[in-house]
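Structures follow.
Next come two complexes built around chain A: one with chain B, the other with chain C.
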Partner chain A sequence: MDFFLHLVVTIGLWIPISMGYTLLFGKGQVMHFGPIGVSVACGYAIFVTLGATGSYIAGIAMGILVGTAVSLIFAWLALRLENDGLGVMSIAVHLAAMVIVLNWTDVTRGALGIPRIPRMPFLETLPMFALAVTLASLFWIALFVWADRSALGRQMQALSESESFAKAMGVSRAKVHTIAFVLLGLAIVSDNVFFAQYIHLLHPNDYHFPTFIFLLAIVVAGKPGSMVGAVLSSILLVLLREGLRFIDLPISVLGPMRLLLFGVILLTAVYVRRDTLFPQKRTV
Partner chain B sequence: MSILAVTHLSLTLQDQHILKNISLSVEEGDVVGLIGPNGSGKTTLFNVLSGFLVPTHGSVHFRGQDITGFSPSKRAHMGIGRVFQNFGIFREMTLEENVLVALEALPAEQRKALGNLKEVVQGTLEMVGLSGHAKKKAGSLSGGQMRLLEIARTLKSGKELFLLDEPTAGVAPKMTHQVGDLISELKRDRKTVLIIEHDLPFISRVCDRVIVLNVGEVVLDGKPSEVKQHRKLQEIYFGADPTS
Partner chain C sequence: MQLLVNALIAGSLAALLSAGLSLVYGVLGVFNLALGQFALTGGYVTWWLHVSIGLPLPVSILGGVIVAAIVTWIAFEVSVAPFYRRHVFLPLVTTIAFSMILDALILLLFQERPYSIIAVKHSLHFAGVYISVEQIFLIAFTIVFLCAVAWVLHSTSLGRKIRATVQHSDAARSLGISSALLHRSVFIASGILAALGGIYLGIDQNLTPQLGFPLTIKAYAALIAGGKDNFWGTIVCAYLIALLEQLAIGLPWWGGDYIAAGFQSVVALLFIIVVLLLKPRGLFSGLRRAI
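Up next is the complex of A and B:
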């Protein structure tokens, strides 16, 4: 039962970020490779504030503030850079965030991470935790499905198919992309509020590049831009990843094997979805 | 007052003088043809008018307001609609979504004034005989149907000035008449239309006035019947006076 609830929590944590990312990267074709950079900033903002104030409300408020601010920085970069330039810059921002976390040891404890993170009183039992994550996840599913089917989703798709045609009709790229970046940022805040509480630890290793590869694999395998695909793919890939625990291999082998497996899944998905991922751009 | 006034407009790109000191004005309700050989700067002029290119010199006024530095989306909100040479239709979206996206991009007051958007979408598709295909992907339409949809979508989203870039290109001859009829409808509704076109009989049929561009300059401006007979037009298209 505990393992089932663990799966529910893990899947519930991946769904919001996957849906937010598929809206921006999949539907909008915005080459934003820094969502885990946003995530590390949010995670540390929440739990450093919690450690300093002892208040979850203050921690979450700081997380929302930092998540929104970093998302706005990425949105600003997206408006000023070509798509490939944004891809490189967003990786650089992610790496810069990691360097800060690893070296600002007075605040972040560097590579040691922040241990003994307390859970909120009503989240102390696993069933309650799973229920809370599921409810949060359902909220984000409803929000992203609504966003996808609303003017925002249509305008994202129009901009990705032809920015010129969309602009000529009055679509504002600045407005549409900024909203998508902020929505993704807030979904990331929501995930971070739960994640470190769940394992009682905030550790930089959870925010390294392999985490992004896993996210990218979910979005690409689930069909970029598809909300249903992001949800199903989150479920399947989390089940696959967690199922690997039952293979009787030493952790030193299992870790790299898992990375290799998701690398192969990502490459295969990119190959299969190459027309959706890299469509021919139409210009005036 | 002119709805559109272009004053001493020049554009230089990579040391090439693409547009040279162009001045023209268009009155409300006029249908004006813009013709000229390939490379004469017609589409570039449209790109400047719709905000995709910023002129090196000169200005563009719309309804008396200087819009020279305005973005394409801001110009669209003011009432300038563009129909593209290579079909400005979102092929991966349904017909319904193609119209909706144009209506939803309008400023809030204009959008509210339209009433129920679903009904406007239905009306737009009915107008061009595509109401039975609302859920089909726009990429499945013929060139003529795409063109009709694009013009109707621009009309229903409340535009006042239409920039039509080769509306008959890639359109079957039968559909060309329908496109012409739709432009005549725009004229009846007192909309202002600028058309780039190579099809001179089409231009003669739908336009009140023709402007001829050559190597980035306005070389002729007049009624279609006058321009068609002008020696300069023959020279531009055939290289020399054919009667000499």
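Up next is the complex of A and C:
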């Protein structure tokens, strides 16, 4: 039962970020490769503040502030750069965030991470935690499905198909993309509030590049831009990843094997979806 | 003076990596995010041949370069060729996937321990500057190699084909330049340049599997800052960023305090952001010929 609840929590934690990312990367075709960079900034903002003040409300407020600020920086870069340049620069921002976390040891404890993170009073048991994560996840599913079907989703798609035509129809790229970046940033804050509490530890290893590869594999495998696909793909890939625990391999082999597996899955998923991931522009 | 020498050493490594990137971007129009892993492949294979097998260093370097060239060719066929004609952004995703596969293989074969190709370095001290014989050789080699690339680009038939394709790929193809062969050649050449960078790193410092992406990003910082398809602008920016990194940690700042060396790699990012604020298309983008 505990393992089932663990799966519920893990899937519930991946769904909001994968839906936010499929809206931005899949539907909007914005080459934002830094969501885990936003995540590391939010995670440390929340739990460093919690450690300093002892208040979850202050921690979450700081997380929202930092998540929004970093998302706005990425949105600014997206408006400033060509799409492929943004891809590279967003990885650079992610790496820079990691460098700061690993070297600002007075505040972050560097590679040791922040241990003994307390859970909120009403989340101390696993069933309650799973229920809270599920409710949060349902909220984000509803929000992203609404966003996808609203003017925002249509404008994102229009901008990705032809920016000049979309602009001629009065669509503001700055406004639409900024909203999408901020929505993704807030979903990431929500994930971070739960994740470190769940394992009682905030550790930089959880924010390295393989985490992003897993996210990218979820979005590409689930059909880019599809909200249903993102949810189903989150469920399937989390089950696959957690299932690997049962293979009897030493930990020094299991980590690279996992990396290898998700690298191959991503490559295969892009191959299968090569006509829909970045489709040829429609011509008149 | 020591900071300038250090910048020359670090800049030479970045120049080798970013030179290949610039050629690939110019000719194919794609970003290759597995470049750092090609560098590590060259470095690790050279280490294995030299330290584990006991082959002489020049033979080991040759072996490292050949294996990296083969891996680069496989990477092209698997993660670039099926995709880049459909959309130039697809290889950005597929090369990330390929880089993860290479990272996993490097971790499985060599584990996380740091390795150095040469254990003992022969240090020299003159005019208040410390530099090793190996570093002098590496700097000289990089400069000679880049001059050779310049000669190929500007004085040979292959170079003219490359430059023609960079300037206008459709016009070049209509004149009979075989784009398929040229694309593979340039991509493999970029892998060889990266492998030389990785061997350079393994001789001068240590190789660790985590270096892949930081190496790639540093090279891309030079590429974006230099103007994405300006080869010489990229080289200049590689050295410029290395100099800024050295100045950032080597000079006293507020109240005589120094910035910790760990923050050095953030300098390249800040540099790019400032460049993008001032010149979004790169420092040397206006110097390129256009048709």
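In the analysis below, the second predicted complex is superposed on the first by the 280 of 284 C-alpha atoms of A that agree within 3 Å, B and C clash if a C-alpha of one lies under 4 Å from a C-alpha of the other, contacts with A are read in each partner's own complex, and residues count from 1 in each chain.
The rule is short, and it goes like this: a contact is a pair of C-beta atoms (placed from the backbone, for glycine too) under 8 Å apart; a residue touches a chain by one contact, two chains touch by 3 or more.
What you see is a predicted model, and the numbers here were worked out from it, not measured in a lab.
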Touching partner for A:Ser252 - first (chain B), second (chain C), both, neither: second
Touched partner set for A:Leu186, first chain B, second chain C, both or neither: neither
Chain B versus chain C as contact partner of A:Gly170, first or second or both or neither: first
Partner chain in contact with A:Leu102 - chain B first, chain C second, else both or neither: second
Chain B versus chain C as contact partner of A:Ile218, first or second or both or neither: neither
Contacts of A:Tyr271 with chain B and chain C, given as first, second, both or neither: second
Dominant toucher of chain A (residue count), chain B or chain C: C
Chain B versus chain C as contact partner of A:Ala158, first or second or both or neither: first
In the complex with chain A, residue positions of chain C that touch it: 30-31, 33, 78-79, 82-83, 86-90, 92-94, 96-101, 103-105, 107-108, 111, 213-214, 217, 220-221, 224, 228, 260, 262-263, 265-266, 268-269, 272, 276, 280
Interface residues, chain A side, partner chain B - complex: 151, 154-155, 157-158, 161-162, 164-173, 282, 284
Chain A residues within the chain C interface of the complex: 29, 31, 33, 77, 80-81, 83-85, 87-89, 91-93, 95-96, 99-100, 102-103, 209-210, 213, 216, 220, 252-253, 255-257, 259-260, 262-264, 266-267, 270-271, 274-275, 277-280
Residues of chain B that touch chain A when the two form their complex: 43, 47, 50-52, 71-73, 76-77, 81-82, 84, 86, 88-93, 97, 100-102, 104-107, 153-154, 157
